[in-house]
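Look for chain A in each of the two complexes below; its partner is chain B in the first and chain C in the second.
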Partner chain A sequence: MTRRGRLVLFLAAAAVVAALLAAAFVALPHFGGAHHPYGERAVRAAFAHRTANAIASVNFDQRAFDTLGEESILFAAVLGALVLLRQTAGERRRPPRPTRVSPAIRRLGVLLLPVTLLVGLYVVAHGQITPGGGFQGGVVVATALHLLYVAADYGALERLRPLSLYEIGDAAGEAAYAVTGIATVLAGSAFLANVLPWGTFGTLSSAGTVVVLNAAVGMEVACGVVVLLATFLDQALEIEKPEPRQGDGSARPGGGGG
Partner chain B sequence: MSVLPYLVAGWIFLIGVYGLVTSRNLIHAVGCLAVTQSSTYVLLLAIGYRDGGTAPVYASVPRDARVVDPVVQALTLTDVVVGATVTALLLALVIQLNKRHGTIDPDELSALKG
Partner chain C sequence: MTDVLLALALLLVAVTATAAVLNREPVRQALVLSFLGLALALLFTFVQAPDVSLSQLAVGSAVTPLMIVLTVRKVRRDAGTGPGPGPDSGPDPSANTGPAHGRSGGDGPGEGGRR
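For the complex of A and B:
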């Protein structure tokens, strides 16, 4: 199909979809209205389990089983990217050359790394009382490590980032979530039911299993993002295309410039 | 105008699909898919909004405070996480495609190759 034909077809279809969407939107509940039956019940259920962050309660208590599925999607996506971006036959791995970084950026990175790491862990640990949780905190923790790449160079990041350890961490986080579910069954309750003591509302030791599941998710997300970024950075910085074979075909590694 | 937030969600969806249809670059297409998906965030949050509502986190507000719907907020969180990981997987596919075929223009990828 020509580009023009495709565009005409899209515009016709989009007009129909737009009309249908507009008709549906008019029939939706009034924007900003006070009628939220599910929301009110979810808030009441969060209070019943002494969880101050109602969103964390929905994700890790009321819909904990769905979040296991969501976490598995993340795990599968990391695994898929790892398989797709592996070093293929004929590709060479060239250690990246150390680069000069301006002292100001280096100092800023060194200063920010521990702060960012702490903020990430804080966000994971306080997921049950303040906005945040395993998903958000995990990404912040992974970002902290990559400040090394900005402040120093890729070699420094690689030395302080044993990738196989993070791959294990990714799998362990995923497994910890499922194991928590099995533990709740062994405790005589439903899969991923909130069986731990609920504690005091609004304190660090509240909300029961929400804390455990947040920690599991935080570990998986942090390790998963590190592994994911590592595969992309390897492609960009280390792995080189095979040289087109010609004549004697003795392409020596380490020859090409960056 | 009470349907405007919903219409914005519909607009973001359609503009994302437009980008996908007319894309000449697969990385651009992956970006358009992310835009299309972000329309669901706007729609979910618009449905859950309550006039004068605050975040459904009771760490610093009284228990009888007027809050927005936490269920759709949790769904949006799920949506964002899945969207980000799927985007990463698709970008990995694009890199692999570029290695095999030497192009990321979808129009040049029509022929089957062994």
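For the complex of A and C:
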């Protein structure tokens, strides 16, 4: 297709999208208004299942099946990155030399690591009550571990981060979500329906299956991000591309085997 | 009061997003992207969406820029590993992927593996 043809096609498609968007936006509730048809229904449904954080209720109860899809997208993306960034034949692995870190940064890292880890775990654990949840808290937990790299060096991070455990955790989190869904079916309800006792509103044990699914996502995201960053760090710091070999006979025509 | 904060946050998002697009040096772009993530997190907080704000803060201003910086480092390191000089022989002008700004201070492959 010529450049001009592409431009015409784009402009035509963009005009259609713009017209549809404008028509949709006109019918939307006003910005910042007190009433919102979807919001009101979602909050009512969240409170009916004793879930204080309506967003968690939408994610893990009312739209739990969508979240299974989102979790699987992240899982597949991490898997894809792992396959693409693996150490290929001929690539060498050379551990980076230990580096000196200024004492101030070291102290700050040592101080911040437990605090950040605790904040992340708190955000995961309180997903059904306060803003946040498995996804947000999981990313915070994963980034907290990498303060080791800032405060010490890559060797320290590698020693205290058994990668195979995190790979198992990533898969286990993804599996736990699906298994919970199958369990709700076996319990005689719909896939991923909230069948557990709902508990007391606003407590850690409230919201039924939201707690379980939230924890599964937290584990999957934390482990997945650690594995993802590990493959990037490995490529950036350790893995070197193969040395270009010279005169190894490949240029000779008809080089005999044997 | 809320309207003022909202306007400020929107302005900040517009400015940082434009800066991220106009900046052509990948490492600097990652830093600007981090600021854009921060501005978006502020905006989401002001429109009372703390859940989205937390995600934005964790992913948009920390993990994504880190992955970009690591990728740039890998690309430059590989480009620096020619047949002649080893990876520790200092900055190689041919490894420069930025257009005009050049390699800033600590980007050299000989920096001992820290970013």
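Assume the second predicted complex is superposed on the first by the 213 of 258 C-alpha atoms of A that agree within 3 Å, B and C clash if a C-alpha of one lies under 4 Å from a C-alpha of the other, contacts with A are read in each partner's own complex, and residues count from 1 in each chain.
What we mean here is this: a residue touches a chain if its C-beta (ideal position, glycine included) is under 8 Å from a C-beta of that chain, and two chains touch if they have at least 3 such contacts.
Bear in mind that the values here come from a model prediction, so they are computed numbers and not experimental data.
Looking at the shared chain after the overlay, A:Gln235 reaches both chain B and chain C.
Within the superposed three-chain model, A:Phe135 lies in touch with chain B and with chain C [touch as defined at top].
Once the two complexes are laid over each other on the shared chain, residue contacts for A:Thr67 go to chain B alone; chain C is not touched. When the shared chain is aligned, chain C comes close enough to touch A:Val123, but chain B does not. By the touch criterion defined above, A:Thr99 lies against chain C but remains apart from chain B after alignment on the C-alpha atoms of chain A. Once the two complexes are overlaid on the shared chain, A:Arg44 sits clear of chain B and of chain C alike. By the touch criterion stated above, A:Arg107 is placed in contact with neither chain B nor chain C.
Once chain A of one complex is fitted onto chain A of the other, the partner contacts of A:Arg159 are absent, as it touches neither chain B nor chain C.
A simple residue count on chain A separates chain B from chain C, and the partner touching more is B.
On chain A, the surface patch touched by chain B in one complex and by chain C in the other comprises residues 32, 53, 55, 131, 135, 228, 232, 235, 241.
Contact residues of chain C toward chain A in the complex are 47, 50-51, 53-55, 58-59, 62-63, 66-67, 70-71, 73-74, 77-78, 81, 83, 87, 112-115.
Chain A meets chain B in the complex at residues 3, 6-7, 10, 14, 17-18, 21-22, 25-26, 28-34, 36, 38-39, 42-43, 46-47, 52-55, 57-59, 63, 66-67, 70, 73-74, 77-78, 80-81, 84-85, 88, 129-131, 135, 201-202, 221, 224, 228, 231-232, 235, 241. If you check the complex, the residues on chain B that touch chain A are 2-7, 10, 13-14, 17-18, 21-22, 46-51, 55-59, 63, 67-74, 77-78, 81-82, 85-86, 88-89, 91-93, 95-96, 99, 107.
Considering their complex, residues 32, 53, 55, 96-97, 99, 123, 131-133, 135-136, 139-140, 142-143, 146, 153-154, 225, 228-229, 232-233, 235-237, 240-241, 243-244, 246 of chain A touch chain C.
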